[in-house]
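Encoded as C-alpha cells, here's the structure I'll be asking about.
Chains here go by letter, A, B, C and D, matching the order in which they are written, and residues are numbered from 1 within each.
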Amino acid sequence: MGSDLVEVSINTIKMLAIFLMMIQAVPMLVWVERRGSAFIQRRFGPNRVGPLGLFQLLADAVKFIFKENFVPKNAVKFLYLAAPVLALIPAALTFTAIPLSTPVEVASFELFGQSWGPYVFQFRGFEMNIGIIYILGVGSLGVYGLLIAGWASGNKYSLLGAIRASAQMISYELALGLSIVGILMIYGTFDLVELIGSQTGHLQFSFSGKEYHVGFLPNWGIFFQPLGALLFLVSAFAESNRLPFDLPEAEAELVAGFHTEYGGFKMLVFFMGEYGHMMVASALFAIFYLGGYHIPFVSVDSVKEFFLSTEMFGTSTLASLMTALVFHLSLLFKVIFLLWVFVWVRWTLPRFKYDRLMSLGWKTMLPWALVNTIVTALFIYYSKVSG
Amino acid sequence: MLELEVGLSHYLVLSAALFIVGIMGVLIRKNTIVILMSIELMLNAVNITFVAFSRFLNNMDGQISVFFVMAVAAAEAAIGLAIAVAVFKRFHGINIRFFENLKG
Amino acid sequence: MLDQLVPVMILFVVTVVFAGGLIFLTAIVGQKAKKSEVKLMPYECGLPGQESGSTKIPVKFYLTAISFILFDLEVVFLYPWTLVFAENVQALGGPLLISMGFFMGILIYGLIYEWRVGGLEWD
Amino acid sequence: MSLIDITFYILALTTFFAGVAVIAIPNPVYSALCLAITMIGVAGLFFTLEAYFIAGVQLIVYAGAVVIMFVMVLMLFDLKHEKKAFSKGLFSMILKIGSSAVVLASIFSAIYLTISAKPRLEEVNTDAIVAAKGLALQLFTKNVFAFEVIGILLLVVLVGAIALAKGKGGTHA
C-alpha cells in the first residue's frame, strides 16, 4: 500500500472506489439485460422512469429497500441472512485484484508547503503478486454462498437446488482451471500485468527456429489458444450460473432453486454477486485472450507522447493519467462487449436438462481441456526445442 | 517469555494448539465426518509448521512437503467420506459405533 | 506481503459492512407486516408440504465432489509445472514432458475408467 | 507491535477459535463451515509467511474442494440435530482431556527450550513468481518420484471411491 501516509490513503480510496465501481455497475448491467432482452424479443424494455428507462433500476433499488425483511419459519436466521453477503464477497475480492489499466506516475509536487515525492499508482484495487492463483482460489469460495443459502432457508427444494447448483459449479471449475493452464504455458507467468504486457504488437510466433509475422492481427492470446478461449467462456457461463446453465435456479424447475425463500434486498445482493462473477469472468477473458487493456496497434508511449504534446494535459502527471484512462476505456469496451455476449446468449439459447448439463461438463469440456493442455505442451516443446 | 514480536516460536505454538484441537476432536466427537474434519485440522497444523520452518530456514523443502501433505490429505478425506456414506446407507447414521461391525 | 494481505482484509470488512448494513437497513426501514402463519411456510408452490422427515436425496452428488477433488489436485499440480515448462524448455523439456505425461496419463485413465464404469452417469 | 504482528495475531486467533468451534459445535454443518474459516485463516497465515503460491493452492484445494465436499455430504445426510454429539463417560472424558494436556505441555516446553535464537519475522518481500518457480523447479527435478506416486495414489482413490459408490439408491436405500 506504499510507504507514507498519503500513498496508503490514496491506495485505500482507490480500492474502495473500484469496489463501489463494481457495486454500481450492477444496476447498469440489469438495465442492459432488460433492454437487451426487450431488443432481442422485439419489445420495449423499461422506458417509463427517466430517459430510456435508465432510472428504472434506481427506482427498483429503492423499492427493494422498503420491502419487508422476511425470514421463513424453519430457516436458520443467522445463516439465512448471511448467505447473500457470502455470495458477494468472492466477487468483490476478485474484481479488485484485476489490473484495469497502465500505472499512473505522479511526479513530485509541492503542496501545503511540503514536497511529496514521486508516486506510481497501480490502476487496480490492490496489487496481488500471484494474480491468477489468488483469483482462482477466491473464485472457488463462491460455492459457499449457494450452499448456505439453500440449506439455511429450510426448504427441501431450495436445498436440492443449492446442491445441484454447487455440483454444476464445481464440475465446470475443472474445465476453467485447465483452460487457464494453456494460457499460462504460453506466457509462463501468474502475474496478470506481465501476461498483458506480452500481448502487445502484431501477431508473431517462432516455430522451430523460423519467425512468423502476421502483420494485420494483434498479438492476442486468442490466436494462440482458440480452443482454450472457447472452454474458458463456456465454463465462465457455468461458473456464474448463467443461462444456458442456470437450471438450478430456473423458475420452471425447482422454483428458483437456492434463492426460493429470498426476496427484497437480499435477492438484489444475490444479483450483485452473480453480476460480479460475470464481470470478473469477462474481465479475465479480456485479459487472457483479448490483450487486456492494450489497444491493438497502439503502444502506450505513443499515446503518452500524444498527450504530452497537447497543451491542456502537458504535465507528465496529467499525461500518464490520461493514457491510463484511454487504456482503461479499451478494457472497458472489451468487457462491455463480453457482457453483451452473456446477455445475448441468455436470451437466445434454451436451457440444458440437468443430466445433459453435467455430462457436458464431465464428458466433453474436461476431455477437451485435457487435450488442449497436452497439445499446447507438445506445440511449445517442438517449437522451442528443435529450433 | 512472552514477546509480542512475531517469531518462529509463535507459529510453532499456534500449530501445536491446532494439533491438540484436532486430537481432542478425534477423541471426543462421535460423528464420523467430524472426526475426519479434525484429522484435516491436524494435517493443517503440520502444514503450518512445515511452512514456518521453510520460511525461517530459507529452504524450499518445507513447501514441497506441504504440497504432498495436501494431496494425501485430500485423497484421505475423499476415501473417508466414501466409507462414511456407505456406512450411512447401511446403518442410517454415521455414528462411530457403526464402524465396529465392518468386516475384515 | 503486507500491501497484499491488508487490502484484502480491509475489503472483506468493507463488503460485509456494506452488504450486511444494507440488509439490516431494510430490516429496520422495511414494511412491518403482521406475522401470518401461512406466509412463513416454506414455499411449496401451492401444495401444503408433507414434512416427510428425512428427504431421499440421491447420493450421486458426493461422487461428483470426490472426482472433483481428485481432478482439482491434478490441475493444481499442473500450475507449477507450467511455470517450469515455459521457462526452461530447452534444458529440461524432455524429462518434464515425460513426468507430466505419466501423471496425466494415469489421471486420464482414471477419467476413462470412471466414464466406462458409469461414475459420470446421471439418473 | 508493527502491522505484521497485528495481522498475524488476527489470523492466528481466527484460525484457532474456528478450529475449536469445529469440534465444539454439536451440529456438524456448522462445524464444517467453521472448518472452512480455519482453512481460509491458515491460507492467510501462509501469506504472512510469504509462501504465496502455497497459500493460493491451500485456498483452491482445501477451502475450495475438500471442505465443500464435507459441506455437501453433511447437507445430503440432513441429520437432525445431534443431541449426544460428544462421547459419554466422565472417566474416559477426563482421561482424554488429561492425555491431550500432557501432550500439549510437552510440545510447548519443547518449543520453548529448543528455540534458543528467536528469529524475528521481518518482511523479505520475495517476488512471488520467482519463489513459485524455485519451488516448482525443485518439485519437478528433485521430488519427481514422489510426484508420480501421488498420481498413482489419486488413481487408487478414484477407483476405490467408485467401488464404494456402486451401491444402489439414495441415502435411504
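Criterion: a contact is a pair of C-beta atoms (placed from the backbone, for glycine too) under 8 Å apart; a residue touches a chain by one contact, two chains touch by 3 or more.
Since we're looking at a predicted model, the values are computed, not measured.
Student: B-C or A-D: which has the larger count of contacting C-beta pairs?
Tutor: A-D
Student: Counting only C-alpha atoms to place each centre, which chain is farthest from chain D?
Tutor: Farthest chain from chain D, going by C-alpha centroids: A.
Student: Can you figure out the chain closest to the middle, judged by Cα centres?
Tutor: Measuring from the global C-alpha mean, the nearest chain centre belongs to C.
Student: Would you mind pulling out the distance in Å between where the CA atoms of chain A average out and where those of chain B do?
Tutor: 34
Student: Where the CA atoms of chain B average out and where those of chain C average out, how many Å apart are those spots?
Tutor: 21
Student: Taking each chain's centre as the mean of its CA atoms, how far is chain A from chain D in angstrom?
Tutor: Each chain reduced to its C-alpha mean, chain A and chain D end up 29 Å apart.
Student: Report the inter-centroid distance (CA atoms only) between chain A and chain C in whole Å.
Tutor: Once rounded, the distance between the two centres reads 17 Å.
Student: Indicate the residues of chain C shared as contacts by at least two other chains.
Tutor: Touching at least two other chains: 2, 4, 6, 55, 57, 59, 61-62, 65-70, 72-73, 76-77, 79, 83, 87, 100.
Student: If you look at chain B, which of its residues touch at least two other chains?
Tutor: Each of 67, 70-71, 74-75, 77-78, 81-82, 85, 89 in chain B touches at least two other chains.
Student: Where does chain A touch two or more other chains at once, residue-wise?
Tutor: Residues 129, 133, 159, 163, 167, 170, 173, 177, 189-190.
Student: Going by the contact rule at the top, pick out the chain A residues touching chain C in the complex.
Tutor: 1-2, 11-12, 15-16, 19, 23, 64-74, 81-82, 84-85, 88-89, 92-93, 96, 125-129, 133, 153-160, 163-164, 167, 170-171, 173-174, 177-178, 181, 184-190, 255, 260-261, 264-266, 269, 272, 354-355, 358-359, 362-363, 366-367, 370, 373-374, 377-378, 380-381, 384-385
Student: Which of the residues in chain B come into contact with chain C in the complex?
Tutor: 67, 70-71, 74-75, 77-78, 81-82, 85, 89
Student: Using the touch definition up top, name the residues of chain D that touch chain B in the complex.
Tutor: Residues 1, 4-5, 8-9, 12, 15-16, 19-20, 22-23, 28, 31-32, 35, 38-39, 42, 45-46, 48-51, 53-54, 57-58, 61-62, 65-67, 69-70, 73-74, 77, 79, 82, 84-87, 93, 96-97, 100, 103-104, 107-108, 111-112, 115, 118-121, 134-135, 138-139, 142-143, 146, 150, 153-154, 157, 160-161, 164-165, 167, 169, 171-173.
Student: Within their complex, state which residues of chain D touch chain C.
Tutor: Listed in rising order, the residues of chain D that touch chain C are 3-4, 7, 10, 44, 47-48, 50, 52-53, 57, 60-61, 64-66, 68-69, 72-73, 76, 78, 80, 123, 125, 129, 132-133, 135-137, 139-141, 144, 147-148, 150-152, 154-155, 157-159, 161-162, 165, 169-172.
Student: Touching chain A in the complex: which residues of chain C?
Tutor: 2-4, 6-8, 10-12, 14-16, 18-20, 22-23, 25-27, 29-33, 39-45, 49, 55, 57, 61, 64-65, 67-68, 71-72, 75-76, 78-79, 82-83, 85-87, 89-90, 93-94, 97, 100, 104, 108, 111, 115, 120-123
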